[in-house]
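Pasting the structures in now, so scroll down.
There are two complexes below, and they share chain A, which is joined by chain B in the first and by chain C in the second.
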Partner chain A sequence: MIRYSIVIITAISIFMVSCKEKTPPALPKLGFKKIVDGEEVDHFVKDWSFMNTDSAIVTNKDLSDVVYVSDFFFRSCPTICPKVAREMKRVYKAYEDNPQVKFVSFTLDPKRDTPQKLKEYAANLQVDTDKWWFLHGDKDETFDLTSEYMQIGYEDEDAPGGLDHSGKLILTDKEGHIRSFSEGTDPDETPKLIKDIKTLLKEYEEK
Partner chain B sequence: MMVSKPNKAQSMKKLLIFICLASLFSACREKSTLEQEVIAVHDEVMPKLGELNKDRRNLQEILKNTTDENVKAELLQAITALEKADDGMMDWMADWKVPSNMEEQKPYLEKEMIRIKKVKTDMLESMENAKILKEKYTTK
Partner chain C sequence: MRKNNQTYIFLLLAAITILHQGCDQETYAQGKRLYEAHCENCHMEDGNGLAKLIPPLQNSDYLKNNQDKIACILRHGQNGKVIVNGIEYNQEMPGKKYTAVQITNITNYINNAWGNDYGVTSLEQSSISLQNCK
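Up next, the complex of A and B:
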């Protein structure tokens, strides 16, 4: 009897250890460190304020209760953006019913992509603009923001194909840290991003 | 057992269908190649748009600290050229719509090839000029 108990306890221990090993590791906080009040802190996206498809002002603070996936695009972009939008929609579909996740697309062409035009674009994509925001703002501010979001540790801003066509989908947590990203032009990378969102949400459940 | 021979009319019909399909495919290939060539010019310079905007902002920064009227005019002219090139590319993309009508495709693509090449020249020249001016007027 004792021998059986030992075997069972050992089996359960092995099972628990192996289960523990399967838990994915926490996602890293990406980007270069920032200095705030003389102290080095993890990179976080600076405050921003843009106009949504209803011409209302929204800010990053409105996203402090959710994790969100963002990208930079413009409606008339003929080659890269349609591919990226397709992958963004795949991720959107995976979390369509989860209020903990939102999506944010910033236009790089505010002159042509007015809130009204972006509303039409969202309608064509058949997505809910409360869940997936299409934002319009000052062109230079948007370009500055691309550097904030694209700071993923290795990116060279001057690299060919740099900011405008990078087509990345970027996952940001509730505190504004960038936690993961995928190449929006590579459908094979999308499942990993979908999984990373789940891992990130789990982090908040455990808190 | 009798094997019915295909009659002449049937053979002709098949041959005609084959010729039609073959000419359709070759026409498609020719047009899609031209389309690819136009897009290739766009793809070549489009990634430079971020750099072009950076060049514009550099010159705008220098302009803020400039008092010499001649230099100001020179910088403004260069900034306008960068903005025009930027707009040229964005307008080109906004207008880009290959007609579905096969007959209209070739003239459209030929016209767009001239247009996108002009955008490319405008971008590269204005960027080169901006870099020269930046070097010239940056206080060391």
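Up next, the complex of A and C:
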């Protein structure tokens, strides 16, 4: 009898503890720390400026009121890009009506992916370029930016399409910190990213 | 008696081998492996393609009605506009130096995957098609 009671009490305690954990833990700030003015601060994405599909210049400061999901791609990419784009669109669909979330795709092949070509690409992907930016800029600056978003991108003659790059979807907060990511080639990881965006938005609601 | 036993064991092993092969024999397994390696990144695991960028192979009137072109498209790629199920696509598809055997296997896989029922091609047919590529 006593043994039963102990089991029941333990079970109830476990239930109560799990009930308490309703609010998910805050998302970490990912990446190596940076040194700014001699002080160690959390990693943040450095300033950038690129051209959008209307050939207007946009910068990371234009994204300081939203959280955004970004990836690196190129239109003629014969490998992972279409799958990454599909997962990106899944996340886009989940937040289509939420103005606090935007999407940013940087092309790694600016020579061929002109703003006009990217505009066509967006139309064919059937997404709105106000909400999902397709950005064109200096090639070296773009490759340089991949590491800022904790990704890899480099030219490789042997790679299909001449470029090798990772296909992560990166979630960046309003302050430019990277807060979550998913592997764009793995559809099973996408729901977690969709949930993490919700968690991140909550953080701003509570402020 | 001993000989009998040996016969039984032999029969049993033979039966297991045959059954085992039966389990492994997925339809068009070779074509499926090739599809996964070379086609799936764009046409997707369900053959649905992507929006208006990459045309579907599943339930695709283009695939169904252009069986004589498939071999050449696989080997030489495709450029320019195509209309699939009433939607226009214009994204370059790269070709690859597949052998006629590989092309036959891929064709038979996509012709019969995801509920497609577009028939079966032979090595002979694929080879003839390949000789007539434009």
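The rule is short, and it goes like this: the second predicted complex is superposed on the first by the 173 of 207 C-alpha atoms of A that agree within 3 Å, B and C clash if a C-alpha of one lies under 4 Å from a C-alpha of the other, contacts with A are read in each partner's own complex, and residues count from 1 in each chain.
We take it that a residue touches a chain if its C-beta (ideal position, glycine included) is under 8 Å from a C-beta of that chain, and two chains touch if they have at least 3 such contacts.
It should be emphasised that the depicted structure is a prediction, and the values quoted were computed from it without experimental measurement.
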item: Contacts of A:R86 with chain B and chain C, given as first, second, both or neither; value: second
item: Partner chain(s) touched by A:A94 [first = chain B, second = chain C, both, neither]; value: neither
item: Partner chain in contact with A:Q126 - chain B first, chain C second, else both or neither; value: second
item: Which superposed partner A:S76 touches (first chain B, second chain C, both, neither); value: both
item: Which of chain B and chain C A:D109 touches, first, second, both or neither; value: first
item: Partner chain(s) touched by A:L27 [first = chain B, second = chain C, both, neither]; value: neither
item: Which of chain B and chain C A:F143 touches, first, second, both or neither; value: first
item: Residues of chain A touched, compared between chain B and chain C (which is higher); value: B
item: Residues on chain A lying within both footprints (that of chain B and that of chain C); value: 75-76, 78-79
item: Chain B partner contacts - residues on chain A that touch it in the complex; value: 74-79, 109, 111-112, 139-140, 143, 146, 157-158, 160-165
item: Touching residues on chain C, where the partner in the complex is chain A; value: 41-42, 44, 50-54, 89, 91-92, 94
item: Chain C partner contacts - residues on chain A that touch it in the complex; value: 75-76, 78-83, 85-86, 89, 121, 123-126
item: Residue ranges of chain B touching chain A (in the complex, touch as defined); value: 39, 42-43, 46-51, 53, 57, 87, 90, 93-94, 96
